[in-house]
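Okay, handing you the structure first.
Labels run A, B, C and D following the written order; every chain starts at residue 1.
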Amino acid sequence: MTDLNNRRLDAAAFDAERGEVLQGWATGAGVCFADALRVQEALPVEKRFAVALAEADAQGHTLLQPRAGVALVREHVALLNGLSPYCDVLPTTIDAYTRHNRYAEAQEGIDRSRAAGTSLLNGFPAVNHGVEGCRRLVEALEKPVQVRHGTPDARLLAEITLAAGFSSFEGGGISYNIPYAKHVPLERSIRHWQYCDRLVGRFEEAGISINREPFGPLTGTLVPPFVSHVVAILEGLLALEQGVKCITLGYGQAGNVAQDIAALRSLRRLANHYFLNAGFTDYRLTTVFHQWMGGFPEDESQATAVICLGALVARQARATKIIVKTPHEASGVPTLEANQAGLKATRQMVNMISDQNRVDSPDIQMEIDVIEAEVHAVMREILRLGGGDVARGAVLAFAAGVMDVPFAPAKANLGKLTPVRDNHGAIRLFDVGNVPLPADVLAFHRDKIAERARAERRDPSFNMVVDDVRAISASKLVGRPA
Amino acid sequence: MTDLNNRRLDAAAFDAERGEVLQGWATGAGVCFADALRVQEALPVEKRFAVALAEADAQGHTLLQPRAGVALVREHVALLNGLSPYCDVLPTTIDAYTRHNRYAEAQEGIDRSRAAGTSLLNGFPAVNHGVEGCRRLVEALEKPVQVRHGTPDARLLAEITLAAGFSSFEGGGISYNIPYAKHVPLERSIRHWQYCDRLVGRFEEAGISINREPFGPLTGTLVPPFVSHVVAILEGLLALEQGVKCITLGYGQAGNVAQDIAALRSLRRLANHYFLNAGFTDYRLTTVFHQWMGGFPEDESQATAVICLGALVARQARATKIIVKTPHEASGVPTLEANQAGLKATRQMVNMISDQNRVDSPDIQMEIDVIEAEVHAVMREILRLGGGDVARGAVLAFAAGVMDVPFAPAKANLGKLTPVRDNHGAIRLFDVGNVPLPADVLAFHRDKIAERARAERRDPSFNMVVDDVRAISASKLVGRPA
Amino acid sequence: MSGDSQGYKVVLGVIGADCHAVGNRILTSVLTQGGIEVVNLGVMVSQDEFIDCARAEQAGAILVSSIYGHGELDCQDFRARCEERGLGDIVLYVGGNLVIGKQEFAAVEAQFRDMGFDRVFRPTVDLAEVIALLKSDIDQRRPAGLRNSRALPAERLSA
Amino acid sequence: MSGDSQGYKVVLGVIGADCHAVGNRILTSVLTQGGIEVVNLGVMVSQDEFIDCARAEQAGAILVSSIYGHGELDCQDFRARCEERGLGDIVLYVGGNLVIGKQEFAAVEAQFRDMGFDRVFRPTVDLAEVIALLKSDIDQRRPAGLRNSRALPAERLSA
């Protein structure tokens, strides 16, 4: 595994690497760290992501954030300013060519979008627009703005966007590889993300706090909470090591209310546990809840109901931030109006739930216990494999199937672990693959699945999984036989 | 109070009264009980309301029902058939002139609607359309259909619609007077509803089960659960006495999740308690949950979120039926499409929640305890006032303010009881008026309101109530100062 | 009052067979706190009841609510009826869910202005604005001698 | 297989830089159970990879998924490229969220048919229908001698 390890990147080596990174596309020449610091320092307080998160956390508020990105700067400004009144923090979703460093194709997308008069890209090609285009964007906004993408090698993207005044950067070496790529070796993407985190660390050292958000939902489809929690904790540890201070860990709604509340509550607790154990104390941790990340129902009213359930659970679990879906989700990149509609429905639900009693129940506590047992078991094995080094441990764990993400396209992922819903819709393990869970936890999963199988008078099988994947689009949580 | 009492109406007197009732409007001549029985007997099983309810109750399903009514038969048929695929049981909402027996004005509304090519009435004027028009309607449908209205004297309406094959009839002598009328004495409306219940009793005796549904939500605005529960229990007892067998008791969402779940759960238990205590055993009890009955937000996405919260709570509380609102609620009588949208969102939410764990918590149990203590206290006083007779007791209780419905327009209602939300959004009593609640319960209400007052740094006052009334439309549950 | 002093007195009610009582309670509370004397007829008020009361009370304006959708039918000829009864000049407001269904407000407004209402309000109207308009409209319609000679701020006059 | 026997063999994949893997897994599972032999290239497949594989496997059809919105850009000239490479006659299907945003399906369909796809599917398509169409389309395109002489029901051929 080459020389990957979880150590802070050496300053000289980082600078040398930076030289190469900035040559990745013509616009790299526009990056200058000193200028970048000045741009960030000049940002008014209401445009700083870390400040918005800290305030929300202190006051117990939940921030709303949409997804949005189109090909051209002017259109993207108009889009974000149309969303701004309905949300608290802004996104810039990057197009899929840029995510794969295919800047030439992104350029073609820009050119053809200009000709077509409509965006032919599924996001904003920030690298192609360069520091200058991105600065025009940030300056035209009134709220903090984050880069949201899915890029295994996001070094140039980070350099350009942070130099332009973006104050939060999503992603991580695992979460932006396993669900987003096919052939990228995990050691490579982790190494590239150490660079991104180190860059953020340099801003922190210069007194500029940049928020970092590992991508919680992974493939968005039947991901057991412990799987995404382990990734979140690993990426948190990797980021802290490089000097990141402001971290938001994420979780994607799985559908069962008790399990989802338990997941978000345990995420904060588990992360603090591992961060403190690793000797980090000087960090600010917040959480983000992603509304349903699997296939949506096509009908807009039904989609809104899915959005509303997510809003309710996120608020009941007291997430710091919600990533908001839209009634167009099943169909395509949403219009401004559809995006506003998702935000308005979410806001109404969050507001209605905001003041209400804290939700607690034996079911939630039981789910917390299960998730904690699972996370500890897997983390223990990862640390063992890595000889105490989480970077090496992560790579070896994925190779061995000790960590395994369902439905992931990456070759780096074994793909043996198979989830399925239980009779109440909570996600359980139909096939644990090579993940080393304790015997009592495995027995629990087996019993829960057996209960469902009895109720449906059929044996558990991959067909059950297929039914579950398609269930929400067909207006159900559990995919029962007709 | 004349000679009102809770006794089964005498057969001869009923027949004599019927003669008069049928002369209330020309179409009364079309009613014949023998024909009515034949029409009801001929109804296929899938058009019988009582069957749909019994099946849902047995299988633990939740039925969806919209509201809908337009001026003309053909348009109304088209409307209901457009809704039918999205719901389980159908409504026919009656226009407001008919509700006040103003059939001449209803006729003018029909005529002017015909001329205008659009409905100028807010419902279906069933009396004016007569048995013949209503039969055409019922025949054109494929699901059970209920009369939903708000009529203090609904005798003629009941005769005509039941003769035409409607198999459920909403309302009651209290719930269709206090929120719906101004000058109608309570003894009169109760007496008129004894007639309606007796008519249903006669169908039952002939082997035809007609569902009866007292109107749960009353004024729909900050109604404390015990208030609507007492009315539901009283109307249930009055109906059972006249031979009604199939009863659905209702509750309108108040907004606080724990209180709403507690309310629906306690309703079934309390009603069984009083019905069995009164010697009734041969009845079938189901429940109906009304999505938010107060002022809605104007924005359709926000309105959909309100609808979704109601759907979630109704299903968590395992209501037998949900009355579904629409995204047009704040604006006006909904179009077919808006009505479908409300149903689709509700269905999606109900389906997603259906299989999930039963929700339980100490908060819910505490709310149940409070509601039960309140209901028992008021019922005790009503029975005392009536010397054991609930009909007389109800009239005397309203006159004395022992029962008191907030925001009710009826002179028969004292209007001293004033509700307000507590810091978590549950409805509490700011001014108990003359309602005889136990001292510990009053202290509980006082403490809860004091907690909110402290949080808002203002004294509880009617302004707080005004803020609460307008809160949901302004996207909040609790009306806090800006 | 508004006939013989500088106070602002209005008759308020919900017209026709309409039982919606909540908005009426809110309006009464907010207008009163805004310095307007409200004679509240409650729900289910006929045109003649409004007019009788406005005459008896010498009110400066009649505020009609229609919430339930029959506004078009119930408000027909309201101004004409006022004129017949010698109240041709009174300020006439109407508000609520005036017609059946969700309709373009501009069309609804035009329709009710044609019926002789001075102002037409949607349900979401800001009541602070209504109070300001009401005061100025009543002032405009006062007999010339009294116009523009505002006495005490109206807020102080009310409890 | 479909070249030399009566089986139904298809090449499946997600085109371009598209990483959406879930639908691909579902399609593989459902088509296989429907009696179709699926050679699955997974996600991020280029036009040439599709064509190379179809030639090597003598597949009867290529099924292209595009989910992420760049379908318009990625599928450009697909049929022409097939023709160049001697696969002019192969059955070409495309499905998924083919364009950016929620657009009228009829227009999207026309656009992709213009690019030479035989059939264009929306995400909500019933996969049982797809299986039936696929079999009949492959049968239609078989060399004449083999056409219409169905062997065993295809379902039996698959595991």
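Just so it is clear, a residue touches a chain if its C-beta (ideal position, glycine included) is under 8 Å from a C-beta of that chain, and two chains touch if they have at least 3 such contacts.
Worth saying up front: this structure is predicted, and the values here are computed from it rather than measured.
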{"item": "Longest centre-to-centre distance from chain A, chain (CA-based)", "value": "C"}
{"item": "Distance between chain centroids, defined by C-alpha means - chain B, chain D (Å)", "value": "55"}
{"item": "Computed distance of Cα centres, chain C from chain B, in Å", "value": "32"}
{"item": "Per-residue multi-chain contacts in chain A, two or more chains", "value": "none"}
{"item": "Multi-chain contact residues (two or more partners), chain D", "value": "none"}
{"item": "Overall pattern in which the protein chains touch one another (line/ring/star/complete/other)", "value": "line"}
{"item": "Touching pairs - complete list by chain label", "value": "A-B, A-D, B-C"}
{"item": "Interfacial residue positions of chain A with respect to chain D in the complex", "value": "96-97, 99-100, 102, 105, 108-109, 112, 118-122, 150, 179-182, 219, 221, 294-295, 298, 328, 330-335, 338, 407-409, 462-463, 466, 469-470, 473"}
{"item": "Complex interface listing, chain A residues touching chain B", "value": "255-258, 297, 299-302, 304-306, 308-309, 311-312, 327, 340-342, 344-349, 351-357, 359-361, 363, 423-425, 472, 475-478"}
{"item": "List of chain C residues in touch with chain B within their complex", "value": "16-19, 21-23, 25-26, 29-30, 42-44, 68-70, 72-73, 97, 99-103, 123-124"}
